[in-house]
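Lettered A, B, C and D in written order, each chain numbered from 1.
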Amino acid sequence: MKKFINLSENITTELLQGLAMTFPEKVQVLSEKIVARKTPKDPNKVAIVTLGGAGHEPALSGFVGEGMLDYSVVGDIFAAPGAPKVFEALKMANCSAGVLFIVLNHEGDVLSANMAMEMAKREGINVKMLLTHEDISAGLDQDIKDRRGLVGCVPVYKIAGAAAEAGLPLDEVFRIAEGFNKNLATLAVAMSNATHPQSGMAIGDLADDEMEIGMGQHGEGGGGRMKVQPADDTAYIMLDQLCEAINVQTNDELMLLINGTGATTLMELFLVARACHLSLSDKGAAVARSKVGEMLTVQEMAGFQMCMGKFDSESLSYWDKPCDTPYWTQL
Amino acid sequence: MNTLNHSKLNGMFLAASASIQQQVPYLNELDGKTGDGDHGTTMHRVCQSIDSSLTNSERPVGQQLDDLGWDIMSQDGGSAGMLIGKFLMGIGAGIAAEEVNTEQLAAAFRSGLDQMVASSGAKPGDKTMLDALIPAIEALEQQARQGASIEQMFEQAVKAADEGFQATKAMVPARGRAKNMGERAVGYLDPGAASMSIMFESFNQYIAAA
Amino acid sequence: MKKFINLSENITTELLQGLAMTFPEKVQVLSEKIVARKTPKDPNKVAIVTLGGAGHEPALSGFVGEGMLDYSVVGDIFAAPGAPKVFEALKMANCSAGVLFIVLNHEGDVLSANMAMEMAKREGINVKMLLTHEDISAGLDQDIKDRRGLVGCVPVYKIAGAAAEAGLPLDEVFRIAEGFNKNLATLAVAMSNATHPQSGMAIGDLADDEMEIGMGQHGEGGGGRMKVQPADDTAYIMLDQLCEAINVQTNDELMLLINGTGATTLMELFLVARACHLSLSDKGAAVARSKVGEMLTVQEMAGFQMCMGKFDSESLSYWDKPCDTPYWTQL
Amino acid sequence: MNTLNHSKLNGMFLAASASIQQQVPYLNELDGKTGDGDHGTTMHRVCQSIDSSLTNSERPVGQQLDDLGWDIMSQDGGSAGMLIGKFLMGIGAGIAAEEVNTEQLAAAFRSGLDQMVASSGAKPGDKTMLDALIPAIEALEQQARQGASIEQMFEQAVKAADEGFQATKAMVPARGRAKNMGERAVGYLDPGAASMSIMFESFNQYIAAA
């Protein structure tokens, strides 16, 4: 394994220290693994909390800051934080307006979140949980509970964060974020394996001429393998499935994210984005807002996640609100 | 032997911890096939918790296991850490005394299993650690009912755990990170079940030698 | 080669289209290879122009926008644009306040820039050229003209762009940017080879257990090879040379950039940043402002560039001004 | 032969273009050792310009070469493209007539070389294309002065170009992307000099067969 690390058991704490040193005016690390805004939000506004393993930087903690997350509870590499830590963060976040707790649908995250929710309820904390699960790789007929949460959490943070910042009550913040969340779909494609930075081991076994559409968040399989395709063809295969999943119609206002997972260059992501724009405009639909870059990575795995969503005028207005986090800043 | 005291119970888990720590690369490798390649790393953290918590038996056994479960959960051990934490808290909650007879011992393990199942959401056949753990604990119960010794209990339990572990090879995963691989995961062993099988193997060896 | 591309000769035009489609409110592509701000700057303000090959995204064109660049002239992959195209952009930029033309010190870029400057002068365009050359890998005794331009161009764009946006005359914009430029130093380290996306060929021949400090912008060698070192040690080796190069003193206000060149994760970059912060504070110096992420990449090459600079109160104030470009947005 | 007309001059460059296009991977590979791996790609673009510009000779020769040089420069060909563009513009500026004698031919090439050198900043021995080009053009001049035929001029020029190219192997680079490799670049051939050597090789073959 070729990575710039020190002791493998210290990676997570050291990387969080590096994050806080790089953005001292935006974030701080509390209790070793909880990333919090430097200037806490007004307690009369809903606090947004999330949890997840490390190794996916900038996600999740890179989106803590004004207009997005208040607390991100970090586990270890690819490992959910334990329920006790999550409970600790929910207590920190506890405020008069209540807490929205955004959880990606992965076994470990959900186990931890559920236990922490139990503890929080027993403590009388006003917290609502929102599960993201927009990976359609298992098929459209799949129970929504069986879908994984991929990069779709990031725009959900954005919209929930903006609604909370606007002072909306918890039920409203939840309604808006969940409405947007329900109309999301993501597919991931990988071309090369990720290396687990602690074990040094490759995850997966993609051959030299193969790619896999439907890849998971850590290089765990789950999709269709095929020979490597050109950028345009890859984009079309994925886009068509996403359009079907969220039932794209003429005049829809669409969100498009092209999220690089590691070694794939921004150069390539622009080619993919271009193909999506051209193909959607052929279908009479239009991209209202988009983002291209690395938001949620899988170590150095070459590939990307394509995520589409539908805006209504409400969610679009919250997308457009300013935010100021380490890796999403918007005027 | 027909009873097990607190210190021997600790000894069983410490023995399991020692064996599992030798299998970290193997467990990571199994998880690399169908998951995210870190089950060995998870178990390493779980074992470090066990090692530092169970070296003495000064606290009451129930309290000690409850603390250990909580500590394991605090180690950021992904799915497996959370579930094993629950398992230990459950044993702690279900253990009747500092020294227990065979039926009480089986009941304590059943209590651990129930707690784990309650959080897990998995069913037998879902290709998870439960597929090793459930038959193992059923074997403990059955043996205890039949008046077997503690040695005999674990002798049967390890067989059941290992069979359950081997059986995961043919299963289509329905929980955990392997789920999305569907049919393609057939032919691979479940890493969590491997840990459980190693754990019962060590229990058995420890008890046989004790 | 495993990359998401279409025809290799179309990569550059397609990626620029993708950029413009992704940021329609910020940039546009003119004359196929010139990236320009969507809303042109007031002609009474100095325009900032740069040039360079593609394949380094987000640089250079990802920094076109309010508060940074006005025009970026793009060549092909790793190839400078020809002088005719550069001249065309200088004509577009020509305005009453004049043009600052920022060029990275690479043979092709400089050849093209010099010819375009000749043509521009003949045309009566008021343009001043600023050369960035902060790569210290060739040694501190090396003639400054023989040093390559690496990621240091990006903070120079920022400071020049902010000074121009503030309405300063050309000479002043030049003075401030050049003052900052003179106090910059960069070193690059690579762990794996880049693949040229057109030839499909690996550039360089790093062995499985080697890294190279002093690597160039395209994977061309130039430094010392050694066995792979931990993050901290790598950071210390590089940092010490940079501190010597710009003569870091107690109470200096430093800029620190950790620029990922491709496959190296943000996780690792944070570890490196942390080591720099700790080591600098041991030396009694402090990081005033920093950035960590991918600014100027070298395809999927694993590695990073560490760039340090010294602020004075003037350059620091321009660093802190807002900007709104595709890949550097600041409130 | 003692004169060269416009159409034969075009033929020489078209022949060179054809040979160079067959060596694109080789030139990329050379550049991968000491540079950024794209010199073949650069030359491919240069050759495409040559092919589309020189298929007819309706414009005056000086004008045609000047246009070609500008077109090559517009192809985003990095250092080499810019320099070769200058070279052709220089030949265009220095060529005396549609049909030139040996001394005029040598003078035209000298004019191209001077233009290239003026932009380049490189000196002989810097491990660049100049190390092949300078001796080649000096050979042309020397042969012309000695009253040689055009065939003899190119026969000597190709030898000089090739020797110069081979000599780059031992040189420490002082310009271009290889510069920073310093001593480590010794042992590698310069890709730009390779192109120049192939170009003169083709000139010679074309003239010999014409």
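Side notes on the structure shown:
The rule is simple: a residue touches a chain if its C-beta (ideal position, glycine included) is under 8 Å from a C-beta of that chain, and two chains touch if they have at least 3 such contacts.
None of these values were measured; they are calculated from a predicted model.
Other chains, considered apart from chain C, cluster as A, B | D (clusters defined by touching).
Counted as hops between touching chains, the shortest connection from chain B to chain D is 3. Spacing of chain A relative to chain B, judged by their CA centroids, is 32 angstrom. Separation between the centroids of chain A and chain D, computed from CA atoms only, is 54 Å. The geometric centre of chain A is 29 Å away from that of chain C, both derived from CA atoms.
In chain D, there is no position where the chain touches two or more neighbouring chains simultaneously. Within chain C, no positions touching two or more other chains are listed.
With chains as nodes and touching pairs as edges, the resulting graph is an open line.
Under the touch rule stated earlier, the contacting chain pairs are A-B, A-C, C-D. Interface of chain D with chain C (complex): residues 24-25, 28-29, 32-38, 40-42, 45, 70, 72-83, 85, 119-120, 175-182, 184.
Across the complex, chain B is touched by residues 12, 33, 53, 75-85, 106-108, 111-112, 114-115, 135, 137-138, 146, 148, 196, 198-199, 201-205, 214, 216-223 of chain A. Taken in their complex, chain C has these residues touching chain A: 2-6, 11, 14-19, 21-22, 54-55, 57-58, 62, 191-192, 197, 208, 211, 228, 230-232, 234, 262-274, 277, 287, 290-294, 297, 299-300, 302, 304, 322, 324, 327, 329-331.
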